[in-house]
Structure formats: structure tokens, C-alpha cells
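Should a chain be cited, it is by its letter among A, B, C and D, assigned in written order, with residues numbered from 1 in that chain.
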Amino acid sequence: MDYVYGPGRNHLFVPGPVNIPEPVIRAMNRNNEDYRSPAIPALTKTLLEDVKKIFKTTSGTPFLIPTTGTGAWESALTNTLSPGDRIVSFLIGQFSLLWIDQQQRLKFDVDVIESGEWGQGANLDILATKLAADRAYTIKAICIVHNETATGVTNNLAAVRNLLDEYRHPALLLVDGVSSICALDFRMDEWGVDVALTGSQKALSLPTGMGIVCASPKALEASKMAKSLRVFFDWNDYLKFYKLGTYWPYTPSIQLLYGLRAALDLIFEEGLDNVIARHSRLGKATRLAVEAWGLKNCTQKDEWFSDTVTAVVVPPYIDSADVVRRGWKRYNLSLGLGLNKVAGKVFRIGHLGNVNELQLLGCLSGVEMILKDVGYPVKLGSGVAAAAAYLQNTTPMIPSRI
Amino acid sequence: MDYVYGPGRNHLFVPGPVNIPEPVIRAMNRNNEDYRSPAIPALTKTLLEDVKKIFKTTSGTPFLIPTTGTGAWESALTNTLSPGDRIVSFLIGQFSLLWIDQQQRLKFDVDVIESGEWGQGANLDILATKLAADRAYTIKAICIVHNETATGVTNNLAAVRNLLDEYRHPALLLVDGVSSICALDFRMDEWGVDVALTGSQKALSLPTGMGIVCASPKALEASKMAKSLRVFFDWNDYLKFYKLGTYWPYTPSIQLLYGLRAALDLIFEEGLDNVIARHSRLGKATRLAVEAWGLKNCTQKDEWFSDTVTAVVVPPYIDSADVVRRGWKRYNLSLGLGLNKVAGKVFRIGHLGNVNELQLLGCLSGVEMILKDVGYPVKLGSGVAAAAAYLQNTTPMIPSRI
Amino acid sequence: MDYVYGPGRNHLFVPGPVNIPEPVIRAMNRNNEDYRSPAIPALTKTLLEDVKKIFKTTSGTPFLIPTTGTGAWESALTNTLSPGDRIVSFLIGQFSLLWIDQQQRLKFDVDVIESGEWGQGANLDILATKLAADRAYTIKAICIVHNETATGVTNNLAAVRNLLDEYRHPALLLVDGVSSICALDFRMDEWGVDVALTGSQKALSLPTGMGIVCASPKALEASKMAKSLRVFFDWNDYLKFYKLGTYWPYTPSIQLLYGLRAALDLIFEEGLDNVIARHSRLGKATRLAVEAWGLKNCTQKDEWFSDTVTAVVVPPYIDSADVVRRGWKRYNLSLGLGLNKVAGKVFRIGHLGNVNELQLLGCLSGVEMILKDVGYPVKLGSGVAAAAAYLQNTTPMIPSRI
Amino acid sequence: MDYVYGPGRNHLFVPGPVNIPEPVIRAMNRNNEDYRSPAIPALTKTLLEDVKKIFKTTSGTPFLIPTTGTGAWESALTNTLSPGDRIVSFLIGQFSLLWIDQQQRLKFDVDVIESGEWGQGANLDILATKLAADRAYTIKAICIVHNETATGVTNNLAAVRNLLDEYRHPALLLVDGVSSICALDFRMDEWGVDVALTGSQKALSLPTGMGIVCASPKALEASKMAKSLRVFFDWNDYLKFYKLGTYWPYTPSIQLLYGLRAALDLIFEEGLDNVIARHSRLGKATRLAVEAWGLKNCTQKDEWFSDTVTAVVVPPYIDSADVVRRGWKRYNLSLGLGLNKVAGKVFRIGHLGNVNELQLLGCLSGVEMILKDVGYPVKLGSGVAAAAAYLQNTTPMIPSRI
């Protein structure tokens, strides 16, 4: 049932779904259970409490929804807004584009701030102008993708919060943290994020299937007024069962619950801040390799560099889809395609989730061989050397093994 | 991480999530994969083709949606209907009730046909009257639960189709097959079902997380006109990717795809009709046991008997929740609670999915001991004897072992 | 790769290999590891310490040998004895026979005490006579199978120790505890057992592959003098590595080590004495069923009844191999064949390891149907009723669920 | 239960136990089964047939023994030889040393040919002299390790066979293929090998626990005369059960049987000769890296280079154990220690089993960082570059993905 078997491990470096650590695979290797027995609510209770830590919130209310990131988006929007509501949204790449598309289809009045060429971050100057002009508070929400997975751009959420505060603007702050939460520095409470969301298959390193949405008290309050139609995604159904202590309005995946428990345990064992530091280390190492190869990062300013995904621009005479195809066909390496506007122009290295230095270096050496395969005059070993020089200086000892 | 360990296997006899066969657990025991590589579309293609067989359709279009049965309901409704549409829906138990609640929240004009006491099937006489009166075809859809999991009642879908045909009524026929498809006789094409749906954790014997929705050509046609707002559940997003041959508008669960492949392989190896015959055998055996215990089946007429779940009525002096609790606390047996109107009055034995005769007999002997525990004067062995007498006559040899 | 797939769970009731609990399967679901890293010795250290508890010894030295029970026998014999040594051994069934065969092939002078018809325990009167006569202490060891798996006979080890003490006889006491240790009452230190051994696939409920041998100080002392040739099985190779703290003279199975850890954790969570009580309960229940069926237990006196395996005698007009074959072919039930002298005459129900009441009752109801299939006039439900009556009175609540 | 958790995958580059491919882990993720049912003999039959292919024999008889490589050695020796028999054995490293130690303890008259400093191959000139002198055929067997795992030395078996033929010498040729079979070119029939053996945890990429021994017709003939005492390791016990078609004299590991089936399937899917070519490629790449680092290969002549393990000599001012320790503690990389005479002087890179190019390059980049850590002035990227230059030229497309 592996139609495309190749020897050895697949180097999985797409920016999601990512590698699942063995202890998590083990935890999910189980039969179903009655989710109405006392066991599952007891487990769920610990999950709801602990999952708040990865959002860095104490006041937020988390929802573990049997859905994907797309569903989590819909949950965030429909529970807090009403059709026709004016919302500001930033268009900087494929995933912000898809979210905006969803916002429009859900009948919100989307005020799109586009940043020009993909590879730029959210244009906060325009946001400032809009906020300054919005004396009547017609803007109900700011929707922003923390980390645009298509271009490897990380937006400055603290700056967004500062602007809202500066203009004393009451708009909700809705954040797509799909490729950031649990990997990048994210502070729900400190940054006044009202809804934050992620998907299980990203930095949490689980299978796809759980959308994790966290709502601030202000967002919960807004949900009481929000007129968007929702049933499957309605937070109220959850809240009702939270009060009952049974937690589940419909059947959860038993396997994902135990998997999430194991994933959180690993994250807490490593320490969330160490997890974030590891991502920072791997991101930096990847960028050093790209530089050594003489290639450009799709991300156009250092301030936007993403520590979870790097989009690498190939020269015009190369089709980046060939890079990806070749990786898979020859080296058992999975890289991310360029999407939409940057299709053919960039390939992506996802360095998020439960991954370490040597896995990344194996990936980078694979990229070097592929680049040579497709006709780019790379010096083999150059990127690996640059990355390794940085990693050899910065990688900490594994605490449990000292 | 098993908070409530008990020795030996749990006898899982809730009507979902059900026991996962070992080959399926094995197939899902895997790391993530890039879902954009050629491997996953190739796998998906076989799944979409083969899944039609369990619906007994050749003309239907299946959707494998990362959601639960509740989401599958929403997908069926919002893709085929518009707010304000008049639909006829049958209220016969907790799951039909929940679907009706969803229908109402989605702003349809729900014409509810209630069957009186729970334990009765859909009242088709009233349906006939309504269809006869509806010369203007104001009824846009008939929504019916094939098998009401709360009461163990199976409705006669062929009869519904006959009525629609008799009155040449163009209403869509939308069927919740959550606890029927792949276990009971279900014929999408023959019965002119327009949308049929199930969930992975039921007779397919997978983990929760995949809603499987199948649409007839007429339903697809209706989806072009349907004005209900939907984004995550929009069939069009799937159809667009079906055309591209990449199949997935958003990230699927790699594990569930391989799991579904393995589950279908097992079903085809056994033979779908043999699977259905096995359920019939187990259902009948369970009913014989209930009779032998001197207890009543919640289902009020033989024609409605369900071969996937049996709701057993306890005497008034017993709380059926005690039966369930005791099963779990003393015998590692998981039974289904009575829900809503029949809470405290019935407990349920789910006999669906990948389960065999001896597992059922183990469960039945457990129920006997529990009944005695809670003060019902059961003759130990009586139900098992009745069930075994039937099974010993009807169980076929295992084909691969003859 | 399942050549003989049948729906539902296999009811595995052979007396080994037995059902592996899910948490143990999970613990073994892992890649290999470097066994020379600090991790494996640290794990091994806990195992060697904890495994002593299942032997009820504090002074014994355990060896975890990559072998089967047959290899464990050879380890026990060759490390403590010299060719030509006189040893007393009891012949009561197929496994004691095989051990005697090994003893003879290893060139010991085996003084066999045969008990006549299979189904009897070790004849301790003859042992007493021999000990009384052996003023010169020519008997170097008494070899005894604690529980003869072929006939379901448990020998009285305390009585053997009493005889040795009575005659102040210095012979070593070597005990095959393959189908007893971790299931029956076994007290290495209290009963002065010098070498005790078991296999991982029996009451420990692991895969086959680990022979566990435990040596008393006296046995270790004897090993210094023992002239039997051994290399792979030589305890000295282990002892050398124990001193180094690396523990392994050759590569262990990483999976079995983690599996043993998980298995011991489950046993300690249940409580070893509760595990033994559970086996006693299941053994008694099985015997009550056999009695209700009107069949004879192969075991000829109550004092020898085994709580881990019951050998059931079929009437002369039935071939017990048919019973076993039919169980597998029709009911997905695995029973034990009659071996050697009792081939065709008995079938065996193994009720050892991680198994519970309802699993046993499922098995017993299967046996009833098979008996009917093969022409024995059993009253269906009779055995189950007798067993359930006992179990309903004696089964404790599951502690973690109260 | 992972005492020493570190993020990401462990790079397992010890020369055994090696990485288990996911499909094999999956195949072994299962409950026990009755090994006496028809299923296990049917499976075993295919294994015995197919395992011959990895030995490249059609006339050999394989034995799948529940033991380790050490046990497989004992099986080879005791079944073919008698105490006092003169055998010639080559001492070239730790594993040949251990085998010789076993031979001596088993009371053979071992004529040891030592090759001087470790890193040299078997001295065949001395063998020639001995054979020439042995007109009386007092030499009963030549024992040779095909690939000395401690030093990365591969001996020339064809040359040994040629010498035996040249002198028409009837000595048996017994070969330890533990770290060669299924990875290096090995031809049992063509080279007239009489007993060849390997262990499951080496190139077959399984857990430890199965010793695979293959006997030529001449070896089987010899076993009839061999007077060495053996019981557990006696081939006759197997042959008896082969004739019966039940195959197993004692309980096999169900999990390893299914694992072996899966492992063989993967090997045949890749093609045994492609597997061997992959090892050749990885071996060559590793040696190029070592050269680029300016370090010496422990193997002293090119003709002896091993394609499964490379022992790298460190400068005198470095303790190679520090290299290994640091790899594990900082980079989650497992390397092989130097053993015995070369302890502290070499570390070993095992590149055998189910491993691919990028995994190796990840390992090599890790070694570079470690070397820098411990004070060796390596140029980061140099070894990776040299290896990648070779691999980029020679790695074939993955056939199933073209």
C-alpha cells in the first residue's frame, strides 16, 4: 500500500503536514474508545488546560475542532462577525489570499490591504491610515496571517496591537497562526489577540484533523452578537458541553486526543521557549544556506524572515516545480511547491515541527544536489557548510542527555 | 497515559466509535507525507472510486471531508438547499432531533413529522399526505435518518422512494446513513437517494475524522442553485480539485486515507453483502438475547429492527445509566447510554463494524452479569444461549480458512 | 499479508503466545536504537530490578536472554550442572517430556519419575523415597515444571521444598515456570527455588523472544563448578557486563525491552497479587463451565488444577483436533491442541496473561457452539451460565475506575 | 518511557541494530497469534523459500532461529563440528575475536591466523600455506567473518573458495555474514559457502531476535556426524518439523515473522542487486568524506573497504569515544564506538540497512560538527561536499516514482 516506496526515510520538508515524532505515533496507535466514558472527558480537560500554554494565554478559551485550518478560519470568523461587517485583511501570499476569499464568500465587507509583490509583509502603514480614519469604528476586525506559509513571511503582531492601542480602536484581532503557533514567538494575551488558531499537522507535529481555535473573553463576548450563520463551527455547542463537563458536542478522534496529549508532553519536556529557539536556529541556518548558494529568499526584508518556512527563489531559467519533483523522485526529499503567483519561481523548505539540526542538514545537502541536477551552478557543500557553521555554534546539548 | 487501565481488552459495544481492526490500525501507524506529491492523489483516486461501492452507486460523486457526521449533515444540506426552503424531516430519536435542530439553525423551513414515542420509525403515512398535498412542489427535500442510533430504528428508504415516485415529487432525498452505510442494506442508486452520508468511525471501523458524503447527479445540479452559505463544506472546492487531479482543497489526514484504503480492502475481501449479512446475524442474535432476558426492545415494531444497534428498555426500577456505568467499571464493557427522552430508560448495544460472533457473545454475557448486579432477575446464560442457538445455525465458515 | 483474515478480533485462547495488551503493543512500536548509548543500560537496570518482583525474589539474579523457553531451560541446566550429574525429573506431560529429552541430550543422568496417565501431578512420594535413599547426595538437582501446559496440572512447589528440607538434601531446585510465573502464586525465595524461568510470550503477555531466567545465590555458586559446555547461554557473559554497567554481551531486542517495561508497569499497576487472583478467578470459571458441559477435566485431582490452562477431555467419538480446527475456521477462536499422548483426546483453553472475564466468556460460548458443531450434545449457554454465576460474584471493580 | 528524549529523529548510524523502515514497523505492530494454526506455517513456508534469495542459494537450507548473531555462530559451529576438530579462523578485529573465543570455549582446536594490526583483512597467504601443508585434511573448517564490523574490513570470500579448490581441500567454509548479507555481494552457492549466517537487526533492518543460518547440503551431511553437544541450536529439531510442515520446534516470534515478510518484500521490490549497489554507493560516499576531512580509514587497503561500515581513525589527541558521546548528547546522532584494540582510536559510521543518501549526508554533516566540537580542524562542509559530488552523479531515480 505504499505505491511509491523508496529506500530509507523520506525527508519531509514541506511546511505541513510535518514529521510526527515516534512517541506521538505510538500514542495514537490504538483502538477507538467510548468518548462518553469518564476517561475521555478527563483527558480532554487536561488538553484544554494545557493547550492554552502554547497560545500563551491564561484568559483564552480553546476549542479543539475536528477540522482543518480552513475550518478553523471559518470558526474564527463566523463566531465573531456578522455578514456585511467591515474587516481589514492583508493580502501577502497564497494563504492570506485564500483566507480573504473565504471572508468574501462569507459575505463580510473585506477591506484588503495588498502588499504588492509576494514576499513582503503586511503593510502596517496603510493599516495605520485606515485606523486613524475610522473614527466611527466601522472596522470590526483585523484579520492577519502571522506567518504566510507561501512566501515565508512573518508579520509583526505586536506592531498591529500597538496600532490598535494607539488609535484606541476596538476592532477584534483575528490571527491565523497555522504555521506559527508552537514554533514562533506568539503571545495571545500580551498582544491582545482575540482569536488565534492553528492546525494539528503544523508545529504540533500531529496528523491533520484538529483545528485549534482560541478565543479571548472579548471574542466570546462578540460571539453572542455575531449573526453569521454557523452550526458545525458554533462555539456555543462546545461551551454548552464544557459546562456539562462532557466537552464534546460530537464525536472526537480518540487517536488525536491521545496524540495531542503526547505532543504537548514533548513540547513541555523540551520547553516551549526552547522549541521556539530551535525553530529560530533552523530558520537562520536555512537562510545562511540559501545565501551561500547565491539564491534569493522570497522574503524581501529581514524583519519578515520566517523561522518555520523559507521560500527560495530560483533563477528564471529554472522551474521550481522541477526542483520539487526531482527531490521526490531521486532523493526521497519532499519540498514545498511555489503556489499561485510564485508557482515555478520558488520552492519552499518547511523547517517546523519536531525536526532537528541533522535532518535539516540532510535536507539542505539534498537541495544542493537537486540544484545541480536542474542546472544551477551550486557549489556542493556550500550551503551545508554555512548552515553547519552557525549550528555548530548555537545548538545546545540535549538536556536529558547531559 | 491510560488513566483508567483495566486488564484485558475493552469490549467496545457503543454504536460508534467502534472497534478498529488490527490491519487498519497498522495501516494508519505512519508518519505524515506530502499530500501534494503524486502518491496521495493516486491513492485518493482509488478511494473515491471504491467508496462508491459501499453506497451502491455508480453515478454518485463522493466527498471525503475532514469532519464528523455533524459536519457531513451540514455539507449535505448547505450544498443542496437555500435558506427558507421547505424540507420535510422525521423526528424519531436523538440523532434525527439533532439533525432537525441543525436544519432549523441553518434557516430552512422544516416541516417536522414526529412519530410519537421514541422507538417508532418515520411516519410515512404523514409523508404521503404531505406529498399528495404538495402540488406546487414546495417541498424541496426529504431528510431522513436511515438508522436512528438512539433507538435502534431502521427506516424503510425504499418505501420513501416509492412515495416520491408515486407522487412524481421532485424533492431531493437526503439520507443520514451514519449508522447504516456499510452495515445495513443501502442502495443509493436503486433508491434514488440524492445525498447519502456516513462517518468514518461507524461501520467503516476507522477513527473519527472523515465525513463521507455522496451526491447524486441531481444533487450536484441542485448545488449550483443552492444559496446556503458554505465555504469549508462547499462541494465546489472539491470538484475544482477533482478536475485538477490533485483532489484536495485543503490538507487531508494522511493516516485516515491509508486507513480508509485498508478498511475498504477488508470489506471487499469479506464481501459487502457478507458484511451486511454478518450485521443481520448479530442484530438478530442480540434481539433474541433481549427477548430471553424478558426485556423489551425500544424499537416498537419488527419492521424497524436495527441490525446495527439495539436499544434495550430496562424496568422502571432500574436506571439504565447504572447499567452502562457498571459495565465500564466492573467488566471493561462499553455500552451506549440512553439519550434525551430515553435517558435512564434504555441502554444500547452497538453491534456494528468489524465485530464478530464471539465478541458479541462476550458482550451479552457481560450484560447479563450487569443486569444481575443492578437487581434485575435475569437468568445468567439465558440470552447467550438464545443468541448462540441462532448463531450456531447461521454463522458461515471464514472463507479464507476453509 | 494476513493470509487468513476473518472479521473481528481473534479470540486467542491458546496457552501461549497470548494476547498482548494495547499499551505494550504501543510501547514496542518503535525504531531500533543504539544499545550502547546510556539509554538502554538505564532502562535495563530498571528491568533487572523490577523483574525480580514477579519471581518474588530479592536475592535472585535475573537474566533476560534473547531466546525462547527451550533456550531458558538449557540456560538453567548448563549453568548449574555437569554432564553425568544425576538429576530427578518428573514426567507428567508434553512439556516435562520435552525438558527431560533436553536433559538427556545434554548428557545428564536423568532419574525420571513418571506419574502414569497424563493429567496427574508430580509424584512426590517417589521423590521422598529417592531423597530418603540418597544419603550420598548423588542427586544434584530436582527439575520440575510448575505448571504442565499440556495437561493443565500445577505442581506443589512448596511441598517439594519441604521434602528437600526434611531430608536436608542439598540438591538444586530448578523450576520451569513458563506457564506459571506472573499468573500463579510463585515464591522463589520462600520456596528456595534455585533457578526459575519463564518466557516473554506467556503470562507477561509479550511477543516471543525473551527467556527470563532467575538464579539464586546457590545457583550462581553452582555455576562456578558446572562443567556443562555453554557459550551463548553462559551466565558469566552476562555477569561480566552487569559489572560494567552495560548489561548486554550481545545485542538485545530494543522493542522487547521497552515492551517488558510496559508489561511490568501494567502488572504493578494491577498489582501482582491481583493478577494472580484474576487468573484464579478465570481458572475456576473455566472449570465450572467444563463441569456444566458434562465434560471431564484432564487434570485428575483438584489439588492440581491449573489456573492458567484447562485441558478438556472430549468423548471418544470426537477428535479434539476437530474442535480446535473448527474454532479457528468458523468462530475466529484459537484453542490449544492436545499434544502427544493426549492428542485427539483433549483441547486446551489457555486463560493466562492479560485477559479478562468477558473475553473468557466469549471464548466459552464459542466452545459451546463448536461442541455442538462436532456432535457433542451440549446445552448452549450452560457453561457460560456456570462461569458467569461465579464471576458475577467474585469480579472486583476496576480500581482505576471506581 | 523515553528517558533521553531529544527533538527530531535520531540519526542511527551504528552498524546495528539499524533503522527499521516504516512498512516493517507497521507489519510488526500486531497482537500474538496461535503459531500452530495453518496461517503461521503458510507464512513460514514463504519465508524459508524467499530467505534463500538473500543468500543467493538454491540448494541451502535456512533456519530462522530465535536468537542473536552470537547464537547463530554457535548454531553454525555445533551442528557441523566435533570437539577437538581443527579449524582455521582469522583474527582481524573484535567480532572475529569474539567468534574465535566462542570456538575455543566450544573446545575446537582453533588455528588462529592473525593479521597484525586491526584494519587488515584475513591473511590468505597463510591460509594457502596451511592448506598446502594439510595433506591429511586435518582442517575441518575454515571460519571467516565476511565483514569485520569493528574495523570495516571486507574479506574476499571468492579467494578463500579458490584456495580451497586449488588444494582440493574438503574443509567446510563457515561464514559470518552478519554485517554483509543483504548489503554486500554475497553468493553462497557460487562461492561454496557451507554455512552462512546473519542477524535480523543488520542489513535486513529488523529488530534483534532472529538469527538466520543457512546450511549447504554438505553442511547438513556434516551435521549427521558432528558430535558437538547442542539442543536448542540443533538443526535436527527444525528439520523434523520441516518434514511435518509445521516448521517450528518452539514458539517463534509472530511479529518477527511478519516483519521478515515485509523486509523481504521491500528488498525484492528494490531489487537485491540494487540494494547492494546502494550500499556500495553509500560506502564510497562515506570514504570520500573521510578523505576530505583529512582522516584515515581504519581499513588499510582499498581491497578491504567495507560498504556497510567505515571505521574512522581520529588523531591521537582525540578520544574517539568523545566523538560518539558528543554525537548522541548534542546532535541526536548515534555512531559506533571503537572496540577493544581500537577503542578510543576509531569511531564507526554504519551505513547499512534501509538507509538513503540524505540520511547519510545528514550524518556526515553531524560528524563534521562533532569533529569541530572535539578540536579537530575540519573544514565544515568538506566531507559532505565530497560525498554529495559522488552521490549526485550516481544515485538512480527511485523506480516507483519515475
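Throughout what follows, a residue touches a chain if its C-beta (ideal position, glycine included) is under 8 Å from a C-beta of that chain, and two chains touch if they have at least 3 such contacts.
Owing to the predicted nature of the structure, the values given are computational and were not obtained by experimental measurement.
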Touch-network distance, subunit A to subunit C, counted in steps: 1
Joint neighbours of subunit D and subunit A, given as chain labels: B, C
Euclidean distance of C-alpha centroids - subunit B vs subunit C, Å: 44
Subunit B and subunit D: spacing of chain centres that average the CA atoms, whole Å: 53
Rounded Å distance between subunit C and subunit D, as computed from the means of their C-alpha atoms: 34
Sites on subunit A at which at least two other chains make contact: 2-4, 19, 25, 27, 29-31, 38, 328, 401
Subunit B residues within the subunit D interface of the complex: 22, 25-27, 29-31, 38, 401
List of subunit D residues in touch with subunit C within their complex: 1-4, 10, 12, 14, 16-20, 25, 27-39, 42-43, 66-71, 74, 102, 105-107, 199, 201, 207-209, 229, 231-234, 249-256, 258, 261-262, 328, 334, 337
Residues on subunit C engaged by subunit B in the complex (per definition of touch): 2-9, 11, 19, 21, 23, 29, 266, 269-270, 275, 278, 328-333, 354-359, 361-363, 365-366, 368-369, 372-373, 379-382, 384-386, 388-389, 391-392, 395-398, 400-402
